[in-house]
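Input: structures, listed below.
You will see chain A twice below: alongside chain B first, and alongside chain C after that.
The block that comes next holds the complex of A and B.
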């Protein structure tokens, strides 16, 4: 975990970089997450003060977007699409397989910290489901075997 | 919350302000409404209630519940009537087979995630969801609730992660997420009405929930100020007053006026039997427009607190224990004692203090008691210690001793100067209205030593904060005038027409002197010249400029001078006499304006007319049948001085705790101790009662009829909602005392049987109240004085066509530094103020759950000053001045500048006024609370004085056991 002083000073630098910008909250949150790997609760009051909004408002925005994390993810993030088109192509059984294989449930990270498994609702690859996103990279037409290969490469 | 006692229609969306009218047809009926009105509101105007859940007329339309769908001829689909504005010629249908089916479908979805425990629900009978289910004819819910927010455990017995337990952290209301339909009414009320932004919707989709503050916050730890706007907006049992949960729904309601600050909010007191169930802000109250703060809305528990004294008590000496007696015996004892003092020491040896907490009628009777029964003018009131300089300064310059505007005026203002006031804490409902205007684009200038919440809080930021050194108000105000004069920013046409041009020339010459320039005064005031110049330019040229000020202006040795300086600024920039401008004192107490109007000052009869005026005395002599003394009487400090000297012996003090609220506590105590008969008329054995011989129990604002006059001169009715628990309303007690004394001297008794008769007497004798009567107040709801033949409906804006005194008068404002100086022994300046949850000396609020927010007075000190003294946050510190010392805990904060410390005076065990000195305003003797040179150091605990005081107070409050 980060110590408070580093967190505060790094957050201050990010806030300074966006100073005076209109609609700065989302870009700031992106930078915070890029910096720390998640959006620490402790940084919310600091962001609120800088933007002269309430910490409730910051919390409302952060919690609205599933991509803003409350805690750091594993070294790799696997997002399986669970939307309708992929479901029709067997995404449910694929995700059951993935959970069993990794031994984690949704939003959880494997004990060795290697992989975080997350659901996602539509990656826009409806024509070639089931689809997934591995560390930000799209992949499609998955089946259990293909997923196993991918997971096997992640360490 | 719905309104089920007096059906007070919720129009769904706020009224449109346009003058352009539009005609449309709804369900075959023609309706004409202002442009910008929603279809929902237009329908409500003709009595058609379109079903709705997320709309309420205190907040803007949101369009999320999809229940208020309508059909419009020639348009596609079924638009929401709350977000669709009217247009000429529209043909709207609010009810047909298709709409019915749609609405029922929507309700089915809502109810699928809502517990069906209506019978045992705290909102039973007070729930809009229940009503809407009825309105749309919901008979069956086809969906099986698999995932819910209301089951603590899911169907397989596992803990339901979606279930959030009830948050009871706020002492007055509970937040129960399982009942929530996520309509966002609470979030929007917090943002739009209150302006605190303490609430949000967290998550998305099915996970969306209302959240106080951030993830780890509760209602109490969030920014929530407990104003109750969210509770009022909630359509279900989600946000609900705990009193409703405990008692049940009320069965009747009485409209009355809050007895806390000078905003004078109108409330509906809702009762079951004579048990007060809740206080709900009244939508048609013209001061508050349906809003409230934590004090008026919730902090009424003191009225039934166990500390309240309900029987009269007397004692020979203040060292004796109190003896409970009958009213008759108390009156006999008191009258004999007071008459004895008058016989022995003369009629000038006794006096009264009227209360700014009591009604106009009661204040009138108390001053009549001294003028017509004691036969002197020894009457004063707590305005002496707060806004007496306002009376003097505005009287001299503009011609009336009161603010020039109504509160609605703030909606038209472009630039606001807040000087020496902390509205978010002291006048919260006005602050909310101000913040709303600021969010809409108005600019703000704050002149205050502290960085108060109005300087910066979510979505509000002052354009300029002039953080002056306490005691330099006059220098700053004159420097503002200097900039306006020397840069030619004044309104010459206005001055020539409305004021005396030669007088202005004289003032301009004075203000333009180099020693008054911001550059010269910067060293003295600590305000940057550049910032001050920018502020002056903004005020003079930024459009409608309004000044709101508080006790930070008046409670100084030059309080009256600052008030005059403020009036000068308004006059020279033409900012008087229309909506959105003016000079507005934010008065501290509910009826301080009224008690001043009622002739509470020793030199003035009701209506601010000097006792020297023979014609004025004649009016009252005729009505009262007595000769009125033509010499002004004693002010409070003079009474106390005379008491110490031995020439003032008896005092009737109604509803004021001078020992705690007046400066230099030791001197006040010495004065009271030297008197032979101190009569305290109050709800509680207050600090002053420690030195009293007679205690007459008072009645609360809930227990009597009368009127209060707020800071905008608005006379509001106070209505009796329950019988006085002590047996008599305060006006009856004063009358009993008067009659007991009149009987002893063989004179005719007073015979008022209702306060309306007292108001009739006021109207008969006082021109500015000539048109006021209880009938008129029933008719109009409230009225702003002057109300007479010229203005039968009252006067919202003063000085519209010309100043009341004729020509506006410019008076030079020479800065004279206070005699209270910092030096090596006392290097810091102490200034005092209040906090939102507590009120004044705290006698009421300390006896409510408001202590959850403020349990003790704290000393705010800048980190630099704290560090050199080795003080850490929370340390016990000794605070000493030339007058005395006390101890309290420190709060290290950069809200105050280095060199300045700040505290509140809500708690008697701190007694901040032991520290304050007896310096006072040159014109009116208003004490200089806001500037005291002090030293601060670490301490082990309460000072010797505090221990002695606590022991004396405990000793003096003994009540003898009944035989």
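The block that comes next holds the complex of A and C.
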């Protein structure tokens, strides 16, 4: 759990770093998520006050974008590309394999908290699919065996 | 010894960083002096990671390279098992007309003198000597149309912004590149970021805008990193700042990162997102050109549109306009993807037929099986069967076949593809990514998935329902997300009816 004092002071620092910026909410939310791993509910009023908008508006933005999480993810985040060019190279059966292997569906986290599985719609690696992003790192030309090796290394 | 190895996402995803370390380690072990340059990609994805070694006859290529291939790079190069020959002589490179991508893969993306020595800033230098109206006229005369998908003439858009009276105007570069099968924006930003900056500065001079944004999708971490460094470099060198090149007006650029919403590639949704709001689509009018970012006149252009400006200004509108087909002037970076033997980026004048692209340039499928369908123009583009492979690559030509070229991505599918599943996915994608503002898109896409599922269960009566639904989405949606989802759906249905003729499962 985050302690409130740290949360408030780090949020303040992030808000200060973006002060005066036009339309600063997305950059702020990206920084908050980079700092805490998700966008804590508790930080919303503080952000709203700094930008002079309502808390509901901040929440509306957080919930609109697929990237922002309202709760912490697992220790590792595996994003598998589900888009057409990767489909043409077997992305559907690869993701079925991954879901079976991890025992989770999209957007779920394994019970041991190790891996969160998410879909992504294109990583720009469309001529060497299926592609994935694992903890922010790109990988491509995946098959079941290559993915198993990668998943095996995640603890 | 000068060695090149791309920092491009494709190369990195396929192990380039490990190869780079191995090269440095081996060179130091052998006591060989080398300079390792992390360049952009040449666009030959099947050869990545592609190592290039500078020789007296030119740059020799080796790929796809893994760590085990490194020691042989320090031996007799002609004997290297991964040798592909001189890069410039490869048919893939020699067949292209590289204007926008002329420097991509050639130079060090973040080396300022490399950029200028390869023709960089020639276009900006010329623009700085011209009246703003003349720059706009030059862009109009080039025939350049927006490469983001809609194909709107860039010069006309710029004129609207130039003529608008406002204290503050903006140039917004759309680098959201959400379409599957497209990666031209990414490759350019990673491989030649200063070209995009130069194009945006020229757009500023032409329209009176002094501030630019590049809105890059969060799925592109390497492009974001390279662009941020390039902006810092351009500021340090006086290209950006209080006076462009020390003799122009002010212009500066800020990099912004998206947050995983496909619809934010739509220009009004993108503007809302830049303003820190939910990425919902705005009704047009007002046009962004008149009331865009923060209600001010704003040019919203795709990366490739803006990055084509420097070469147009440097070589002249006539040079650019002389290339192409019909009303599609200049070059287009084809992005050939999916189940493809030779996939990647191929910049060429408009006018090749789909068959020439798929069979001759791309060599058909990676699996070696027959090509069943090619989706052209991303998730909102139509599926083309072989019967339409004589369609020439151009805006009007594809529209004439109930399709679109979009951002020029092509996804090849072999004969194992199930076109009903592809139609279902098109609806599912629209449902996931809809901004929710208009009903035909938000509700229609959900009904679309259900209707395709009925057809899959053998309910042929659902086929006319699907067609009706598509007509409603096409005519009633606020933007092309709902409006164009019918393209992949109906093309799958019309060109591949056998895949929709499902037999009803026997009743229990």
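We take it that the second predicted complex is superposed on the first by the 155 of 155 C-alpha atoms of A that agree within 3 Å, B and C clash if a C-alpha of one lies under 4 Å from a C-alpha of the other, contacts with A are read in each partner's own complex, and residues count from 1 in each chain.
To be clear about the criterion, contacts are C-beta pairs under 8 Å (C-beta built on N, C-alpha and C of every residue); 3 or more make two chains touch, one makes a residue touch a chain.
These numbers were taken from a predicted model, which means no experiment stands behind them.
Contacts of A:127 after superposition on the shared chain: chain C is touched, whereas chain B is not. Of the two partner chains placed by the overlay, only chain C lies in contact with A:67; chain B stays clear of it. A count of residues in chain A touched by chain B and by chain C gives the higher number to C. Of the two partner chains, chain B is the only one touched by A:56; chain C is not. By the touch criterion defined above, A:48 lies against chain B but remains apart from chain C after alignment on the C-alpha atoms of chain A. Note: residues 57, 60, 64, 66 of chain A belong to the chain B contact set and to the chain C contact set alike, using the contact criterion stated above. Across the complex, chain A meets chain C through its residues 22-27, 29-30, 51, 57, 60-61, 64-68, 83-89, 120-129, 131, 133, 136, 138-141.
Taken in their complex, chain C has these residues touching chain A: 9-10, 12-14, 45-46, 48, 177-183, 186, 218-223, 256-262, 273-280, 293-294, 335-340, 343-344, 366, 375, 378-379, 409, 411-414, 417, 422, 425, 429, 432-433.
Note for the complex: chain B touches chain A at residues 196-204, 211-217, 222-223, 456-461.
Chain contact summary for the complex, chain A toward chain B: residues 41, 44-45, 48, 52-60, 63-64, 66, 70.
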